Structures are given as C-alpha cells and as structure tokens.
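Below are two complexes that have chain A in common, paired first with chain B and then with chain C.
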Partner chain A sequence: MKKIADRRGTRLAIFLCLLPALAIYTYVVIVPIIGAFRYSLFNWSGGPNMKYIGLKNYQMLLKDKNFWAAFLNNLKITILCVFGQIGIAFIFSAMLSSRFIKLKKLHRVVAYFPSTISAVVVGFAWSFIFNYDYGLINVILRAVGLNDWAQAWLNNPDTIIGVVCIPLIWQYIGYYMVIIMAAMSSIDPSIYEMAELDGASGVQRALKITLPLIKNSIGVAVMLCIAGNMKIFDHIYVMTNGGPGTSSMVMALQVYKTTFVKNQFGYASAMSIGILILSLAIVGGSRVLINRPWRKERDF
Partner chain B sequence: MIGKKILRVICNLIFIIFSFTCVFPIVWIFYSSFKTQAEFMQSSVALPKALDFSNYINVFTSTSMPKYMLNSARNTLLSVAVIIIVAFLAGYVLSRYKFRGRAAIYNYFIMGMLIPIHALLVPMYVQLNEMGLTNHWYTLLIPYIGFGLPISIMLIESYISSIPGELEEAAAIDGCSFARTLFQIVFPLASPILATVAIIQFFAVWNEFTFALILVNNDNLRTVPVGLTMFKGAYTVDYPRMMTGIIVTMLPVMILYFIFSKRIIEGMVAGAVKG
Partner chain C sequence: MKKKMVSMVVAAAMITASASSAMVQAEASEKVTISILCDLERANVGTGGLDTGFYAALDEWTEAHPEVEISLESMNQTDYQTKITSLGAANDMPDLFMLKGSWTKNFVENGWIKDITDNLDADPEWKDGYIAGGFDSATYDGRIYGVPRESLATGLVFYNSDMWAEIGYEEFPSTWTELLDAVEKFKEAGIVPFVMGNKANWPAESCWLSTLGDRFTGSEWTHSIINGEGAAFTDEEFVAALTCFQELAEAGAFNEDINSLDDVEQNTVYFNKTAAAIVNGTWFFATVDSSAPDDVKAATKLALLPSVEGGADANTVSGGPAWFFSVSNNEMDETKTELVMDLLKYVSDEHQADVSASTGIITAWANPTYDDSNVPALFNDYNELMKTTTVVPIYDATMDAALIETMNTGLQSLLIGEITPEELAENIQFEYEMAQ
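Let's look at the complex of A and B:
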C-alpha cells in the first residue's frame, strides 16, 4: 500500500516527520564530509591561522610512506580476517548443522558472546593474554615445557600484524557463524538426504552443496568483514597503539595521531578524504566482484 | 561404525573446546579479579584461594568507574530513545507515502551506511568544537544518533512496507488523526523491528570508543570504554584491579546478553545482513 501525498496537510505531516532525521543526519554525516574537503586544502594546525595551499596536502599524502604502510596493514588485517573469521565460521557452521553435534543452542549463544563485548575490553583482555610474564599463552607454553616459545607477543614487529588479528578473529567467528547458519537453515534438507544416499561425505556436502547455495550470504559476510577491518581502530589503540614503532599502525589510528598528537588538522583532513576514497573503492570493488544485487527493487 | 562414532566424539569435543575458548578469557579475568596482586603474580592462572572483594570495593569507592557507567547508561538510553522515535517517523512516511523526492531521500539516508566514521573524526571534532558543542552531557548523543539513523531507518522502512496498511485505512475512515494513527496503531505494529533497532543501537552506543575519546575530555563526562583506558594509565601494574574494572563495566551488558541472547543474536544479524 502506498498513499499519494495529495493534500497540503499530508504534505506538511510528511515534511515534519522527515525533518528531524534529515537535520540530524545531515549535520552529523554530510556536513563533516564537506568540512573535511575544505580543511584538506589548508595548512592548518587547529588554531586561527589557516593557509590555503590547494592540493599540496594530497600531493604529500600520495608520497607519505607511513600512510601507505598503514593502508597495507589494513589490507593485511582484512585478508587474514576474511579467511580467519569467515573460513573458520564456515567450517564450524557446517559441522554444527550436522545431526550429531550436541548442545547446539549453547554453542551458538556462547560463540556469539565475544562479538557483543566492546572492542576496548577485547583489546585489554588480549593484552593480558599476550603478556610476557603472566599472560595465558606464555603460562601454558611454559607449563608444557616450551619455554623457548614464550615471548613478548606484542613486541615483535615482524609478527605483530598476525598477533593482533588473533583477538579480531576470536571476537567475530561467532558473529559470522550465526550469519552463515541462518543462510544454511534455509537450504532444503532433502538435498542433503539425497546426497547422503549417493554416498557424499560430509566434507563433499559442505563444499559442493552448501557453499554454492549460500554464496550470497558468504558475499555479505565478506563485505561486512572488509568494511569492518578498513575502519579498525579501537583494538589497535588499546593493544599496541600502532607499535612497536609503527609496525601495527592502521589508517584510522594514523589520522587520530596526525590530528591530536601532531596537530596537523589540514593534512589529517586530506588523510580522512583518502581513507574515505580507499574504503569506498575497496568495499565497492568487492561488492562488484561478489556481484550481489544489493539494492532491492523499488517501485519509485 | 566405530570409526564414525570416534569422529563424532572428536567433533563434539572440538566444539566444546571452541566454546570454552570463546568464554575463557573473560572467565579468567573474572576469577582473577578476586585475587590480590601478589597472588596473581605468583600464579596467574590458578583459581583464587579465597574470595577477596577488596578489588571491587576499591573500584566502587575510590575510582571514577561508577561515574563512567552512569554516563554510558545515560548516553545509551537517550540515544536509543531518540533514534527509535526519529527513525520511526522517517521510516514510516518513507514506506507509506508517495511523494516527489522520496527515492532520493531514501538513498540519501542509505548512503550514510557506506561512510566509514573514522574518515569524519577531524571534521566532526572541528565542527562541534567551533559551535561549542564539545564537553557537554549531550555531546556524544549527536554523533551516536546521527550515525545510528541510516540502518535504523532502513530496517524500519522495510518492515513497515511488509505489513498491510488496512488498520491504518480503517483508522483514517473513522476519522483518526495522523499523529494518533502513527503512535497508537503503527507504533505497536512495528514493535518487533523497533526492538531489533533498539538492540543494535544499544550495543553500538554502549561499546562506542572513538567519538567518546575525541569529543569529550572532561573526566566527569567520560564513558566506560574511554574510562577503562584511563584506568589502565593509573594502575598499569595492578592487574587484578584492572580486571575488576573490566568485569564491573561488562557486567550489565553481559547479563542482558545471556537473558535475551536469542533475540539479540537474531536482531543484530538481521541488521547486519540487511545493511
């Protein structure tokens, strides 16, 4: 049912209903984007002196090794998380959909739990776990006699990106499990019965039947994962603050530091616009690759 | 057959271990919070010898944690309430009326879901600062409501589109006013999706860190996530006390989660997939 706004009173009512949402949303989301564009053209340290410098900030950004290193870290984290989160979630979902796993509901509730915790808490919890003297990992390693393996996990620049991904993967496996299981539950069970009669093994069923049938949901999950990891900030801020050195620096943290530590407001704005473009390009690109018809058909 | 049985046991075992690892970090932090620093240093994994509540008493009496929790609670309740009402109004007219610019307005809102909020940190800070809107009790409500609207409007719009409008038509024939129809007929009908929106936004706002970090630097207005990072600065060495802080701030959300887990999981996933 769609009513046509014909009378003046109705039009006024529509306008009044939309006004608060439009006003707040425009002020919070749209005006800052325009602001970022404007500030990015200035050499500005936050004070009264603003010097117009055209596109110089962008030229600087293109040559800024630190920024691109941070971008590369975002990419690495994204790739590790796509495989870690969605890959593991798929395997577990396939296992959980079989008849012989007990306590399914409990597993689901417990597995989802970490994704409701704030990123700050997850960051702290895992920096305790990674702690050299008292952390769970080193305590377990020492208990089983692998003393040499115990190390200061968050202090090795060569492995830091992999290490910070562990909490991220831990936190979101359950989240993607629930998404994938919801998709799996819509598959007609008779397909599996027939495959079973034909002698297909569990692994074959998962890869040859389930995976193609839930392709769209996997696509959604991959997109969520990419978008989430392009903007990663809280976990890194708490666990490493970009360190050791700048080895775990990510784009959002770079902007934060450029603004509030170095006070380069103009340059940080250019960086923000850069992030905006890179994120949209990567999310959009993956959307095209996955080829999901994401806009539902509308009658207007 | 025996091989198959063993495989089943192994699979079940894998799951039990997996579920265990999902909660163990928090369980570990929970029981460690009852230890003294000396006890923790001696053996960080062992269970506490006695239930020592001194860390809890300390967190509640001589830290700012209770204050931070009140701030978070106020921000969360107010943001969720405003988001529900504002998004409901917009979602309703977008789903029920044809008018010029309807599609454009809808897409304008939806576009907001594509914008990474971290790209807006600097201009948001400058904009609110220039207008004197930082460091007030209402400061954080502004970005929370603004960024909560797109997904909420989308969910509400698509839900109301899916329910038939006969009741509203009948009400209109009976001479029921627009506002009364909206709040006495449509609002209750849409309550399932409004609950979903409330759940999604509750967790989003309670856990939000970045805006809380940059827009508020008055200690009396800090929220829980930022408060925790400050807590760390003050007690770097005292692990059990830090862990107590974490448990105290997590507890309200944790209790809510385990009571309403089914609804919360369904709601958050519905939001994610549709978004």
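Let's look at the complex of A and C:
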C-alpha cells in the first residue's frame, strides 16, 4: 500500500514541477493557436467589427493560388536545406573527426559562428554579396573576366529559390554539425579500428558505420530542419521581400503581408492554421519515413 | 491544505500590491499625458522630409504647455505601418497618429479614428488654410478624419541634363516615341536610362504607374475607380498603360537589378551617373540638395513623363496629400480633448508648414511664409512647373490597401516579363471586386 501512495506522491511532485512550464507553454502556444482558430472564422480587419463567416476563409484558402505557390516554395527550400544543411554538416563532421585535420576546435567554432548571428543581419550581409553593381560575387566574376556570368542574382524568378537558400544553408551548417558531432562522439572508437584493420576506406567508414549508428540523431536534425524551414521568414523578408513578384514568397511572409499590408486579419489567421496543419503533416510524414514502423526488427 | 492556503495568501498579496501601486501612479500624475506615434524621426531633422517642421512645431507647443507630458514614439515608415495596425487590433491606439489616405475607410469602420469635421468647421481659418482638395483622401461619407501633411507629387522625372544633351536631347522628350528613341541611344552608350529601386515594390506603382496610367486613362477613370462608379482595371485604357510600361522595360529602360535594388540605393545609381534619370517624388529635392555631387546637382532638371499617342492630358503628375495627422477615438476628458485638438492644429498649420517650406518640403498648407533664396533650387523649379500642371490621384494614397499590394507585387513580375498586362489587370480587378 505504501508503495502505491509513494508513487502517487512522486507523480504529484512531477506534475507540480512541470506545472509552471506547462502553464507558460499553454499561455504562449496553445492559447494563441486557439485564438487564431477563432479569428479565422471571422471576416475581420483588425478592429471591433468582426463578422462571423464560418469556414469561408478556409474555402478561400484552398483555392488561393498564391498560398499554394508559397507552400511549394517552402517545400523547395526545405528540400534544398535538408540536403544542404544536414548533408554538408555530415561531411564536415566526418572530416573533422578524422585524424588528418588540424585545429579541430577552431574549425568547429568558425563553422558554428554563423548560427549565432541574427537572421536579419545575415540577410543584409548576403544582399550586399548578391548586389549587382558592387556585390562580392559579381566583383570577383568580373575580375576574372567572366563578365557574362555576373547577374542580378536576386532578380531572376527562375533561380531565386536556390539563391536565397545559399545564406540559409551557410548559416545553419554549424548548428547541425554540433548535433551530428555529438552523436558521432558516442560511437565506440574500437569499431573504427576494426574497420580500419579490415581495410575500410574513410568514405566507407562514414557511410557504412557512422551513418547507420547516428541515424536517430540525423532524424532529429531532419525534423528540426523541416520545422525551421516551414516557418522561414526573416531571411526572405530582408533579401527579397518575397519578390520579384511573388517568386520567393513563403507562407509566413504571406501571412505577415495579409495581416499588416492588406489588413485581412481573419483570413491571415486561417492561413496560420493552414501552415500549422501542413507543417505537422510534413514533420509527421518525415518521422514515419525515418522510423519506418512497418519494417520488422530483423531488417535493421 | 496548508500549502494551498499559503499560496493563496501569497497570490492575494501580490494582487493587492500591484493594484495599490497602480493607484499610487494614478495619483502622482496630475499632468495630462498625450501619446503620439509617428513615422517622423528626430534623427532626420535637418535632412529634408517633414521631420524638421514637425519637431520644430511640437517642441514649441510642448514648451508652451508645461502641464502636458508628451509620450512620443517614432520609427521609420515601414515599421510604423505595421505598428499602428497592431495597436488598432489590440485596441491600444495612441492619441495622435499619422493616417495614410488609403487606410481611411478601414480605420473609420473600425472606430479607431475621431471625426474632426466639427472642430474644423468651427475654425474656418484653419480649415481653409489648406490647398483645394487637401482633405479628400481623409474624407469618408462626407466626414473628415485627418488634417493633410505633405502635398506630394510622386511621379516627377529628375534627369541629368548634361547626359541627355550628350545623346542629343537638349530638353526632356515630350512624346513617348522620342523617349523610346532616347532609351535606345543611352543603351548604345552603355548608360542606364532610368534607375528604379523597386525592391519595396511601391516605386513602380506610386512613382511610375500613378502618372503613366493617367496618361492613358485620364483622371475621370481614376476617380470612378476610387468611388466605385463602374470603371474597371480590365478596361482597355488601363491595360494599355500596363502594356506600355512593360514595353518600356523590355526596351531596356531600367537597370538590371530593378527588383533587388531598394529605394535608397537607387539614388546612388543616379548620383554616380550610371543612370541618366530617375522618376521620384518631391521628397527627392532635399536628397539631391544634401547628397548629390555638385555637378549632378547642377545638371538635375525636372520634367513630366511624356505624352502617349491617343492618350489623355499630358500635363499631369500624380500627387496630393497621402498622409494625414489624425486623432484617435480614445476616451478623453474635456481638457485633454481640447489640448489634443490644439496640438493637432499646431503641428499641421503654419507653425509647421513655414519651417517645412524653408527646407524645401511642400506641405498641404496653401501659403507658407519662407525665404525662397535658401531653399533647394529644385523646389523653385517645381513651383514653376506646377503652375501649368494638374495633380491627379496617387494610386496607393487613394485605393484599397489589399488591391495596392496585388498591384505592387504584380508590377514586379510585369517588369521582368513574368506576367502579361492582361493577367495583371485581371488579378487587380479580382482584388478590387473583393474589396467592394
């Protein structure tokens, strides 16, 4: 009997300890989401006049070409970033954990440094780099005689998504490198020694040993990357403001513009709920793909 | 149980403490506080813009009213637009704020803004001090909600007359055909004919299309659009204006990086003679005066966009007051209302306008007193030019904000050939019908 009472006591203690965090989380996350859902049922321009229109905003959202184009842009950016950020971070981590690299700590610090800068600063710095007249890229291209290659980098709607991804990838490589290196350090070094004795090359060791052993950490990194890129806003806002036209428009920026430029608060709330659902679906989908629950234990 | 009691007591104590401190605060402030939110910054005093005149008037008034405490918050225009909308949504409007003409309908319908018609009628000297039509964009259903600030002209051509003389144009072209010919010649010489920094996406519409559109449609069409009297964006004339604009871009009239250059960077391109002309607003006078190299400053002349074949009157420029001083609908007692209205008058009448005019800013106050020997040279040229020029509406100062956003982003695509004029016209019309 005493045991059960004890367990109850522990549970109560856990609950009490979690309560403050839970309360704050509810207040800053759950309540606003419920609020946004309520607003999304109204035709509301921000003032006291709110007209209940049921699910009309959602009907409009389903047919809104611009919103789905923005969603597609988010997807493109996410795919480029998952491969760019995590892929390059994995290569760098593998290189840094090999014996041939000197000054490992310095490399680590330098690679992590961009993640500490504010997104707006990164956006501005890269707009200067992409500038047509005095930007670093064009200056170098012209200096080496490749005048034809110099172009207005942020002006071409066909390539703009790729171009805005460069700073994004650059900024977060270090962040994922830290996660991946932490995972790598937990691998028993004797495994590598054995592989080396068996004559496995560096690339083989990375792909056949490291990668499978840190699969869970990669999964977490992919999830973080997807979640981060579904809500991407500041870089794009600073570099292109969604332009030229709407070719680099992303969902969060569209919500911002719908709210504060077009003054359609109700419709923007419906968009936010749409983003929430789409993001949850994609993150959930990626978890399923990584964990593959339909595979049997012996397949691993 | 005991713990619960303790926590309740603590909570109760905290509530009483905060309540009593609020009471203490209320007792201590016998001063009347007037909150102001504006897009005019003290840091910009002396560099052109309305900032100089506004702060001169505000400081004078504050000094004369020691019983009033001014709580002022200022920021740049882009941030201001976001902030004021958020404050409105949070029902936390400042007492005195700046209203953009295109917001009037929305702000009035939401009850954020005070009807000042009676105050103006009671003081005819104040009301009649402004240029004709000065209150138009801040009028809704026959009631007035704001006092005009600057009287802008947004679509003026500033051209470097030396550079145009070199390709054989002593004067700025007066027909569109001549203009296209000049574009060709500049391109051969490796010079950008017109620079436009359209990253923030309003210059193409506010500075170019508001005037270029009028060349084709005439201002009757524009007024019909504003008042919802039957005109449509899909009308032939408007589509023709868009087509003409796109063809100008296709002919190479603009810089390569038109959509990634911003509206400050564009000035530099004109100042370092990479571009031969720029279409900009009256605010550019002071910028030329303070920032342009001497030779560019001396060579810069003013012109209007040329006439188009079969078009309307070509002696027009988009302009008029776009921004207004307004008072919010906050609850105020009689003393405060009187003070706020007095302040509103002081920052909008000659106390502000005279100072502004002497720095080359055109306000909506009809006859400011200033010394015309000290103002930027372009300011005097402008006053001369306006004697024969009619002012037509600026699109983004008079039309619905959602429609303008569609037009602005669409123009970015139009100028790089991503969308046809017909498609853009349909998109704008769709948004227009939604807003009606």
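Throughout what follows, the second predicted complex is superposed on the first by the 266 of 300 C-alpha atoms of A that agree within 3 Å, B and C clash if a C-alpha of one lies under 4 Å from a C-alpha of the other, contacts with A are read in each partner's own complex, and residues count from 1 in each chain.
Everything below uses one rule, namely that contacts are C-beta pairs under 8 Å (C-beta built on N, C-alpha and C of every residue); 3 or more make two chains touch, one makes a residue touch a chain.
Since the model is a prediction, treat every value here as computed from it, not as a measurement.
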Touched partner set for A:Lys257, first chain B, second chain C, both or neither: second
Which partner, chain B or chain C, is in contact with more residues of chain A? B
Touching A:Thr246 in the superposition: chain B (first), chain C (second), both, neither? second
Return first, second, both or neither, reflecting whether A:Gly47 touches chain B, chain C, both chains, or no partner chain. second
Scan A:Val203 for contacts with chain B and chain C and give back first, second, both or neither. neither
Identify the partner contact of A:Leu289: answer first if only chain B is touched, second if only chain C is, both if each is, neither if none is. neither
After superposition on the shared chain, which partner residues are touched by A:Phe265: those of chain B (first), chain C (second), both, or neither? both
After lining up the shared chain so the two structures overlap, which partner does A:Leu146 touch, if you call chain B first and chain C second: first, second, both or neither? neither
A:Ile191 in the overlay: touching chain B, chain C, both, or neither? Say first, second, both or neither. neither
With the two complexes superposed on chain A, say which partner A:Tyr112 touches: chain B (first), chain C (second), both, or neither. first
On chain A, the footprints of chain B and chain C overlap at residues 46, 133, 259-260, 265
In the complex, go through chain C and note every residue touching chain A. 81-82, 85-86, 88-89, 91, 103, 106-107, 109-112, 199-201, 255-261, 269, 274, 401-402, 405, 409-410, 412-413, 416, 418-419
Residues of chain A touching chain C in their complex? 45-49, 127, 130-133, 151-155, 157, 240-247, 257, 259-265
Chain A residues touching chain B - in the complex, by the definition given at the top: 1-5, 9-11, 13-14, 17-18, 20-22, 24-25, 27-29, 31-36, 39, 46, 92, 95-96, 98, 100-103, 106-121, 124-126, 128-129, 133-136, 139-140, 170, 173-175, 178-179, 182, 217, 220, 224, 227, 230-231, 233-234, 237-238, 251-252, 255-256, 259-260, 265, 268-269, 272-273, 275-276, 279-280, 283, 296, 298, 300
Under the touch definition given earlier, write down the residues of chain B that touch chain A in their complex. 8, 11-12, 14-16, 18-19, 21-23, 25-26, 28-29, 40-41, 44-45, 86-87, 89-90, 92-94, 96-99, 102-103, 105-106, 109, 112, 114-127, 142-143, 145-147, 149-150, 153, 158, 164-165, 169, 178, 203, 206-207, 209-210, 214, 224-226, 228-229, 232, 239, 242-243, 246, 249-250, 253, 257-258, 261-262, 264-265, 268-269, 272-273
